[in-house]
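This report refers to the structure that appears directly beneath it.
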Amino acid sequence: MSVFVDATTRLVVQGITGRDGSFHTKQMVAYGTNVVAGVTPGKGGQTFEGSVPVFHTVAEAVRATGANSAVIYVPPTLAAGAIAEAADAGLRLIVCITEGIPVLDMTKVMPLVRDRGARLIGPNCPGLITPGVGKVGIIPGSICAPGRVGLVSRSGTLTYEVVNHLTKAGVGQSTCVGIGGDPVIGTNFIDVLAAFQSDPDTDAIVMMGEIGGTDEQKAADYIAKNVTKPVVGFIAGQTAPPGRRMGHAGAIVSGSSGTAAEKIAAFKAAGISVMERPMDVVRLIKERLGK
Amino acid sequence: MSVFVDATTRLVVQGITGRDGSFHTKQMVAYGTNVVAGVTPGKGGQTFEGSVPVFHTVAEAVRATGANSAVIYVPPTLAAGAIAEAADAGLRLIVCITEGIPVLDMTKVMPLVRDRGARLIGPNCPGLITPGVGKVGIIPGSICAPGRVGLVSRSGTLTYEVVNHLTKAGVGQSTCVGIGGDPVIGTNFIDVLAAFQSDPDTDAIVMMGEIGGTDEQKAADYIAKNVTKPVVGFIAGQTAPPGRRMGHAGAIVSGSSGTAAEKIAAFKAAGISVMERPMDVVRLIKERLGK
Amino acid sequence: MNLHEYQARELLKAAGIPMAEGGVAATPEEAARLAEHIGQTVVVKAQVHAGGRGKAGGVKLAKNPAEARDQASRILGMTIKGLVVQKVLVVPAADIVSECYLGLIMDRESQRPLLMVSPAGGVDIEEVAAKTPEKIHRLAVDPRYGLLPHQALGLALTLYRNFDQVRAAAKIMGQLYQAFMENGGSLAEINPLATTPDGRVVALDAKFVVDDNELDRRADLAALRDESAEAPSEVAARRASLTFIKLDGNVGCVVNGAGLAMATMDLVKYYGGEPANFLDIGGSSNPEKVVNALRIITSDPAVKVILFNIFGGITRTDDVANGIVTATRQFKVDLPIVIRLTGTNEREAVTILQGVGMQALNDMDDAVKRAVALAKEAK
Amino acid sequence: MNLHEYQARELLKAAGIPMAEGGVAATPEEAARLAEHIGQTVVVKAQVHAGGRGKAGGVKLAKNPAEARDQASRILGMTIKGLVVQKVLVVPAADIVSECYLGLIMDRESQRPLLMVSPAGGVDIEEVAAKTPEKIHRLAVDPRYGLLPHQALGLALTLYRNFDQVRAAAKIMGQLYQAFMENGGSLAEINPLATTPDGRVVALDAKFVVDDNELDRRADLAALRDESAEAPSEVAARRASLTFIKLDGNVGCVVNGAGLAMATMDLVKYYGGEPANFLDIGGSSNPEKVVNALRIITSDPAVKVILFNIFGGITRTDDVANGIVTATRQFKVDLPIVIRLTGTNEREAVTILQGVGMQALNDMDDAVKRAVALAKEAK
């Protein structure tokens, strides 16, 4: 078993003919992901790289190819519409890579995603990879290796850094999930932690957080109560200047300044081993796994 | 048992201090309905007729009195908001008497009503009465009598006419429900027919339809398939001029001109005894009940 | 409330929809100027709320401004189904490559705005719907999310093969939906949505019906009402908040509630009479409404007897009785009046009527039979 | 994007919200004229995007037009936290009976616009939130249904006892929600929502933050950007689509991805150095971005070494290498550059750099250690 992506995944790429979409489709195909279709309105009927049929709409792609998952590389102002289209077409997993989507668009589309029973990952995220099985998104396959550590992260490249350390040290991954750093995202830390906790192929979890908000504190609380597998964590932004305050409302709503110190304290209180540097992940994971 | 209204009904009257609201609250109280609260924004803290406390909002009324049902007598442009308020406050039954609500308002509020799991009856309806138990709305209690015939109708005063004939002939009613004649209504013929079919206190059903639309045809189809109790029906408008046609779209969407003749034919095909005059209800019901 | 074609055009244009050019004229000279500006053969169309304008001679081709002036002067002032033509619409006689249909209607079944599109637009669209229903594509729009871009695109793909046209049609659908929602639409139609020889997608004809219930809160929409294009008795009825439809019989009916009003008409017919009208005084009545109702009915010379059928619920029968008494004091009613009253405040009502020597019946069938008999005697 | 107070006022006023009178002035004379029109004691407020305006002398009372002119001439041109004051807002020093708080913010947890209101408005609202949270009432608005009338009314009842004021506040909440949704708000605040001695409810002060992601599709909002009120390096960074925040250290950082950028800064500190900035070149990079990044960093005289930390994913490391090469051709870079590159197209990148005699490291810790060492040597 693996988390969110597996051998039954039949992927449609929304925005397949764009710069990023075409580049990463090739990468995904090369990695062995079952990319069954692409969608670019106006380019229906074309074939991408001689093998992937392109459709005007996701609904057409689903009818023709039985796609069950989507990855989205469309421009920011069209991306929420692409998410709605994927959800309406009945896809179970929707991974949105696009960065810069207006937050109001996400606020409006999330209820639709939930109504349709789809799982959205992102937006503004690197996607996910189950090493050796498939990848959906942009995490470089070359830095990953199959194994039994699950990773969940709010950031993109910092995830790669940590995965790279793990792989070089011979510690493979069950699944790596980048959930994205936007204010409104489809899947949060707790969703992924729950999946790892119940995944028989995951023995330990790496969780990469950042300053701002209270998601890490909530996740720590969840871990303390529900996760029995060892967790190693990181918080980026210890030296970052305090963010620009968002009026009084920002302070009222969070009741927290979201500093790295607060989050690290929450991690420690929940029994999470905290890395000081990204490279520390290897030592801590091995410690916690008793290797 | 009875349909929609019973001894556990605790009613809040929205718009209790208005002309219609106050008049009919007195009537409902006199009939024995358990009116526990009234709502008129700006008049919270007053007491209606020395006994019913008035609140600014439905939520306050529910907290203070445990109200579980609402009847709405507020002006048309505020009525959809009142329906939303009642649904949000968790009321299980909402009866909206108001006539002239913009249809777009109803289109927007119906999904909320469904989300909240409330049953809306109306709008633009006379409400319902379970003779001897209670009434919610404006059906005159004096013309009803307890009994075992269920009545469902799209119209108001025509319902009274028929109920009056039944009562004078000694045929009592289990529950009479006016579902309203607006394009978007909360409860349709089929909902009420289903309730009567499963109500052990109802032996036969009277259904009062009108020209326009296809609701009666669909109800007839439902009856043929699902209702085993005898049904007597009426269609008003045999001599009415054809309605103003609503563009091409009106013809396309209904695929039917919604004439009385079509509806009567559908009734007959479904085994419904069709009245020629309102007074015929007595003879036909007695025939069908084998009396 | 039906908008005139030219009003619907302006409303859709304001929503950004590309419309074929054209304009409205109240004089032959204005029509000629419009034709000159358009610079090709035009169609001059009477702006009245009546079907069959073409057959009545209210729609004419004009090859040049002079012809447009002549046709406009013939059509303006013409009477179509009792309505005098006050304005004409002047539009180019378009050179059309294809005709699609776009319609939005408030749908009872889905309880949502229903968008219907067809590549087989034009005058025969209803026949298309009846004979080849697969050529009509439908979508009930969830008002919580609005018409989503992929939904519009999916429908537009059923209309065109050229993708620029697909995009144009999808955009127009979005604009039509917006216009519908923002202007309290009951119906919005573009038929045909035409493709021009140079490939543009434009709306050639527009229809828009506003939900009457919106008018109280939307003065801007209410201002579009053109009472000169309606029957005077219906204008009077609406001003008095009555629902009135004139028929061809001689038994004038005043009833509370549309269902009972129809049942009353049916019963008049059942007992051998002919109803002169449908008239619903509505729910929450007041005496003034009854006075107005009587004024409207008595202005019809065909009426021989007036039949009241009032079953009081939210309507109070004493209000109605007071209205009848007030009316007979305000103007002379020479016709026999048969009154059936029962329900709310019935006793007070009977007392009021007896006070002026009028009687009230209690049974609907009795009242109708008596009214029919009186109508026959009066002949 | 933060709007100026005067811009936020105009935006909320356009939404129908009653605002205390006042206006914006760019000259002392304009300020005097506004004070004269207001006709009572006014407050003159510097319009810059910086906290602590009051302490810096940017907010002053003026009892008459002459004083307003004097205060404005003192404040205009003043520098507050490095920003030159170009405009002042002139508003009446209001006579206030009560102060409420209204705030709307995009809430991560509920994923909805969160409306927060409190009867204890004014400058101490955060203290109220911390010490007496029961005085803050919250509602996460479902965008599918909008702020429903009863929701606004329920919240307004927590603010006022007088029902006219309750109604006024509920109406303002609805207008604030509309303004927020229609203008891509991240934050909208009215603090205080004041009651005047004659019982009116008016907004005294307004704050509005637009989601930066809206600006591409909303030229009207983008036009509200006042670059004169921002630090020049941040303006340059934004124009180059870079996220840049200046800090006090000497190790200039160029990183792809915000998380890795922060982790890089943390690692600089861990190894004894001080980062000079946060700079994220973003996801889909191109060489031009790298050129701009170098230009911005080298313009800071405190920087002693430039550290690239690029982990290629969607960013292609060859794009970055090309950018570095192009930059060093376009302008002289006197500082040592430490480059760490790994990931997508890494081999091509290394070849490009070697072509101009530059080296690339593969390990982040190695690169950071080296940059820190070079920075120390340079002192």
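As written, the chains take the letters A, B, C and D, and residue 1 is the first residue of each chain.
We take it that a contact is a pair of C-beta atoms (placed from the backbone, for glycine too) under 8 Å apart; a residue touches a chain by one contact, two chains touch by 3 or more.
If you're wondering where the values come from, they're calculated on a predicted model, not measured in any experiment.
Chemist: Which contact partners do subunit A and subunit C have in common?
Modeler: Where subunit A and subunit C share a partner, that partner set is D.
Chemist: Not counting subunit C, which chains belong to the same connected group?
Modeler: Groups left after taking subunit C out of consideration (others unmoved): just one piece.
Chemist: For the chain pairs C-D and B-C, which is connected through the larger number of C-beta pairs in contact?
Modeler: Of B-C and C-D, more C-beta pairs in contact link B-C.
Chemist: Averaged over CA atoms, how far is the centre of subunit A from the centre of subunit D? Could you give it in whole Å?
Modeler: The answer is 27 Å.
Chemist: For subunit C and subunit D, what's the span in angstrom between their mean Cα positions?
Modeler: A distance of 54 Å separates the two centres.
Chemist: Going by the touch rule set out above, which residues of subunit B reach two or more other chains?
Modeler: Expected reply: 108, 111.
Chemist: Any chance you could list the residues of subunit C touching two or more other chains?
Modeler: In subunit C, 144-145 touch at least two other chains.
Chemist: Going by the touch rule set out above, what shape does the chain contact graph take here: line, ring, star, complete or other?
Modeler: other
Chemist: According to the definition already given, which pairs of chains are in contact?
Modeler: Result of the pairwise touch check is A-C, A-D, B-C, B-D, C-D.
Chemist: Taking the touch rule as given, give the residues of subunit D at its contact with subunit C in the complex, in rising order.
Modeler: Those in contact with subunit C are residues 144-145.
Chemist: Within the complex, which stretch of subunit A touches subunit D?
Modeler: Per the stated touch rule, the residues are 19-20, 23-24, 76-77, 97, 99-104, 106-108, 110-111, 126, 138-140, 143, 153-161, 164, 181, 183-184, 208, 210-211, 213-215, 234, 236-241, 244-253, 255, 276-279.
Chemist: Help me check something: in the complex, which residues belonging to subunit C touch subunit A?
Modeler: 144-145, 148-151, 153-154, 157, 163, 166-167
Chemist: Quick one: in the complex, what on subunit C touches subunit B?
Modeler: 2, 51, 101, 103-109, 111-114, 116, 125-126, 129-130, 133, 136, 142-144, 181, 184-187, 189, 191, 207, 209, 211, 213-214, 216-217, 245, 247, 255-260, 262-263, 265-270, 275, 278, 282-284, 311-315, 342-344, 364-365
Chemist: Across the complex, what residues on subunit B touch subunit D?
Modeler: Against subunit D, subunit B makes touches at 41-42, 56-59, 78, 81-82, 84-85, 88, 108, 111-112.
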